[in-house]
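Below are structures written as structure tokens.
Here come two complexes built around subunit A, the first alongside subunit B, the second alongside subunit C.
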Partner chain A sequence: MTASPNASSSSAPQVAVAEGPVLEVDDLRVRYGGLLAVDGASLQVPRGQAVALIGETSSGKSSLALGVARLLTPSASVTGRVSIDGCDATALTGREFRTRRAGLLGYIAQDAMAALNPVQPVGRQIGELFRVHRGMSRRQASEQAVRELARVRIDHPEIVARRYPHQLSGGMRQRVMIAMAVALSPPLLIADESTTALDVSTQADILALLGVLKAETGAGILWITHDMGVVAEFADWVAVMYAGRIVEQGPVRAIFDQPGHPYTDGLLRTRRDLRTGQPGAPLFQVAGAPPALTSAPRTGCAFAPRCPRASARCTEQAPPLAVTAPGCLVACHHPVGPAGQPAAGLAGGDEEERS
Partner chain B sequence: MARTLIRRLIYGLIAVLGVAVLSFLAEFVVPGDPARAIAPRATSAAVLENIRIQLHLNRPLIVQFGDYFTALFHGNLGTSYVQRQSVLSLIAPRLAATGWLALAGVVAEVLLGASLGLLATLYPRVRAAVSALNLTLLAVPQFVVGLILLLIFGFQLHMAPVTGGAGPAEIVLPALTLGLAGAPWYAQIVADQLSDSLSSAYVRTAVAKGLTDRHILRHHVLRNVLSPALTMIGMDLGSYLSGVVTVEVVFGWPGIGLLAVESLQNLDRPVVMGTVIVGAVAVVFFNLVADLLRMYVDPRTRQEQA
Partner chain C sequence: MIGQQPAAEPVAPPATRPAANAAAGTAPVLAFESVSRHYRGLTALDSVSLSLARGSTLGLVGESGSGKTTCVRLALGLERPSSGRLTFDGVSYPRGRRGLRAVRRKLGFVLQDPYDSLDPRMRLREIVAEPLRIHRLAGAGRDTGRRVSELLTAVGLPDAALDSYPSRYSGGGRQRIAIARALICDPELLICDEPTSSLDVSMQAQIVNLLLEAKRSRNLSMLFVSHDLDLIGRIADTLVVLYRGRVVETGPAALIRENPRHPYTKSLHDAIPADHPARRRLLAAGAAAASTAPAESAAPAPEAVATANSCVFADRCPRVQDRCRTERPPLVTEPDGRSHACFFPLTKTG
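After this line comes the complex of A and B, so read on.
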């Protein structure tokens, strides 16, 4: 479940093995110099399930993911507790974490072209994992790399293994990235906008592949995206980030049916307009722009300036994440009520304001 | 690959030929009479005329041009006016001397430049000092660097010979001069490439694979840094081989650059032509070698096979 430890677990689907979540993030803070990019985020990824972390650019979703994976530049400071597959990753030294990291988590980057070494054949880049971490010989590693390529459904893997990244299609490169991420069968996969750069049909193929791998290996997936379509198709859980904080989390169905946070509601309304709206009809937009990063934790709710439901209380007191429905957590003083009737009122006002 | 190679060879041949034609014509623009340069000071007009006839200098330009290039296509660079030796036999030892100097100079500039670039990238504290040094080295003309080195290490400290010549002891200062003059370029290219590479997504991937810093540097960063430096090494080898005139003059290094200067002063046209052509061939050849090496190092520069 995506809920923080105090959330009810009754709504967790039965697919999850009762071994505890593969990822537990507790009160994670990421700072770049003086700027606070992630402001105390807590999150869980259950075994064999996908958690979508959504939010706008600079909402802190990538910082959270990279902070978990310890892939941030040394100038960034990370505090909080990260536990992967029951192992307290924050307690490990850099060296200990390095030797274990490929077995703990696989990282799938957004742009596979840039994320693969341009001057090495892809087979060697996959085989490197087995040479370094499994002590295989060059030959064994290259044979293993071919098997890994076959595992991500690449045809003629023995030929592809000898190719360089620039000789492959975008979808193939992303498959190679995935093959590297899952090579040592880590319990956790972190996908950082991994399908954003791909065309729609390739995107669907990659999502299907990840779905199969998730079922095969029982790995949990943390999926960073701003694509609500991907969330609806692929994820089991959603966590919504805004200005460095998680403002809402819960099962995909529940949140898509009944968002609690006005920001989530706005995102979903835009998506609904995109799908069902008349051509030329005005598209619902969340008014205003996301706030700039600040150095100190904010007082009050970061969304308040853009929120049609905001009251004086919202600017003074930060709303805590609270259970609204089974498995659902919302950080809002005035959550959107059931059946969307408050949302309709809010949207009307907003549209008038914009027109 | 083979097609690229053949095409590049043809282009190279055209370039060398173009250089040869232009410099042949340029020699006739240079004022002065080779016959006078060869003959002793007080020589009668009849003797001078005789020399001109012997050297075919009395023939029309077009005929001399035809003669020269016919011989050139047969691999004959002609005979020196002054030394009465074949140009090839004059150039060969000089080319060897310059070759050693060019090699030592490139090694020096690559080592110096790469170290400076590494320092500037890995230790931000010294970055400003390194760029100041780079700027200074760029601003000071090569012959001044050479003269300063000669003054300090030759005349003051007596650590290096000052009399000229081509030996292992004599090569140190000229090579260092070339190295100091060329280092800033390599420092810049190494620093740029290194910082690009270190902040690249593929290095992040390598970190995510749990590799050690050392492994990442060796297997993922180095080759990506090497590739643009290779092109520059090729260009430098070519241009140094075509004559590092100032350095050879300052240090009295008996290389092809010094030969070119001497023969220009003597209006020894065949030797000048010979040094120019050999230089052009060197430039073309080493650029080609560098590009081939680069194709080997960086697969993106290889052309897709159809």
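After this line comes the complex of A and C, so read on.
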């Protein structure tokens, strides 16, 4: 997200990288009323790669995604800069953005049942995109919709196109959502907990499908999740959000090998313990609960009350995001390290400094 | 582990469970004997037998539509089996309301959705004490109040929470309230239906630990339903793997977790995401499959397929043979104590 894509993990597919990141979010703030849900978040999604944005409920991860897609409720206030595929989205008016949204980004929501129109066959909903944005006739659009359903590996797409959302299984509905998201081949896909409500086997199928589409289309993917397993399987980069701020980011392997932030470390241990822990023994847990939203930026580190490494400094001074390793940024005064040493400070190179 | 009957049990309905005390020492707390449940032609459960030994945790695992929740509804006495028999402490579930109420008093339950399962208009003290009222176990008001506040403390909520409403709490907090309510009547069996599937990772671990601690300190038995094989393999003693209403594999959790014999259990196992990006498997394995064969079809819903004379997993099974489509595999028990319903089970090495 910060380094060049070439420096990413070896598992990243090689897709065109010449045109810069497909999504650039710079110092985004989202407020609901007075409450600060996203407190100055910056991240980038390189072309053809997947960035996992991890966090718990109320961490601000969905607000960030909705802010990027401009799908927040009108009462939310958003500041900061969002650039999609080189287009400064924040400079567009609401109307301009609406007409271009489907070409800029595809949004795959968690609850397809709520996101799809219950009183229209799914084929017509997909076809509508082509009628509105490509000026197709009703008939052309309905044929195109069948092709789009086949593209997301739905068997008998011509039958499914005539079905209503409630007649489809959860996995099928999610495929329909994906078909709509990729229909106009947008450079950016946002997957907002897209597999969280699915069975493990369906989740595996959907992950595989998105993996194939990512390779086929070269789209960048911003994947919002709280499931470290999905991150391990799918992401090239990871950004960890806590209480409205990004507290760690880096290439997926580096994060899993050596997390810097104690919160990331806790999440990874929790996951690992499920598989490797002694049966019957208590699970590893990160104690405490995420803090409630506040109206003013916090003075100290928001994780300090739950942190096993917290010191007096943590409650007084918010740690800035600092480079700890190539491509890795951590916002912590006492990051977890091989020797438990504090980070060396900001480094130069092609890293972009953030605070 | 002797069946612990609470010493000071204000209301004992002795008439409804004459053999309970005699049987409690050896009989399983909860048992299904060839239980089937049909809903208008659909078979939700098909001859399911299971047995929950006193003091142990039985994990019920399967995907949606497998019949997990039907098992829970039957165990709670919310519905009756179409055929077969359920027993609690060795005694058949009573038919009458009063008898059923006596069984339910010994059941605590924590359900999946903490936003739906707590009445938003009731204060915490009322929610937690409600089972006492329903079972007419509430003693003096002060006594009840003390028990409620003890339990809220035990689940990690402050005394000050007593007069608050559920809306103040997030998912994890609400499940804590549900656990306090489940424990108030000193149950023998705790039934947990996906209690953490709607929670964040860090909350999930906290809530599971709370349940494990309650089970240990109160000497409870536990029925834990989940679709997460990792989680359930970690906390259950015995596993029952359900697929489309049938038990396809059952036995000691450690054995099944490490070495599934039934291809369905194996597929559940293989669908669990990796724990490290270096060990990715879904994308590598799935990408090939996804690009060649559609994973889902517009075929009729799985439950509607007649499978009386075949294996329920036959149409998804990578090891399927002709016999699987013409004959129903019986549940075969192996020397190591586990059973599987498969003609061509995986070998020990997988």
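Criterion: the second predicted complex is superposed on the first by the 323 of 355 C-alpha atoms of A that agree within 3 Å, B and C clash if a C-alpha of one lies under 4 Å from a C-alpha of the other, contacts with A are read in each partner's own complex, and residues count from 1 in each chain.
Convention: a contact is a pair of C-beta atoms (placed from the backbone, for glycine too) under 8 Å apart; a residue touches a chain by one contact, two chains touch by 3 or more.
The model shown is predicted, which means the values in this text are computed figures rather than measured ones.
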| item | value |
| --- | --- |
| Superposed partners subunit B and subunit C on subunit A - clash or fit | fit |
| Subunit B versus subunit C, judged by how many residues of subunit A each one touches | C |
| Partner chain in contact with A:L116 - subunit B first, subunit C second, else both or neither | first |
| First, second, both or neither for A:R138, with subunit B first and subunit C second | neither |
| Which of subunit B and subunit C A:M228 touches, first, second, both or neither | second |
| Partner chain(s) touched by A:R313 [first = subunit B, second = subunit C, both, neither] | neither |
| Touched partner set for A:A287, first subunit B, second subunit C, both or neither | second |
| Partner chain in contact with A:H166 - subunit B first, subunit C second, else both or neither | first |
| Partner chain(s) touched by A:L267 [first = subunit B, second = subunit C, both, neither] | second |
| Distance in angstrom between the closest Cα atoms of subunit C and subunit B, superposition on A | 9 |
| Common interface positions of subunit A, toward subunit B and toward subunit C | none |
| Subunit A residues within the subunit B interface of the complex | 69, 71, 73, 98-103, 105-107, 109, 111, 114-120, 128-129, 132-133, 164, 166-167, 177, 180-181 |
| In the complex with subunit C, residue positions of subunit A that touch it | 9, 11, 56-58, 153-156, 159-160, 163, 169-172, 175, 199-205, 207-209, 211-212, 215, 226-230, 232-235, 252-253, 256, 266-267, 270-275, 277, 279-280, 282-287, 289 |
| Touching residues on subunit B, where the partner in the complex is subunit A | 199-202, 204-212, 215, 219-220, 223-224, 227, 297-300, 304 |
| Subunit A contact footprint on subunit C (complex, rising order) | 63-64, 170-173, 200-206, 208-209, 212-213, 227-231, 233-235, 237, 253-254, 267-268, 270-283, 285-287, 289-291, 293-299, 301 |
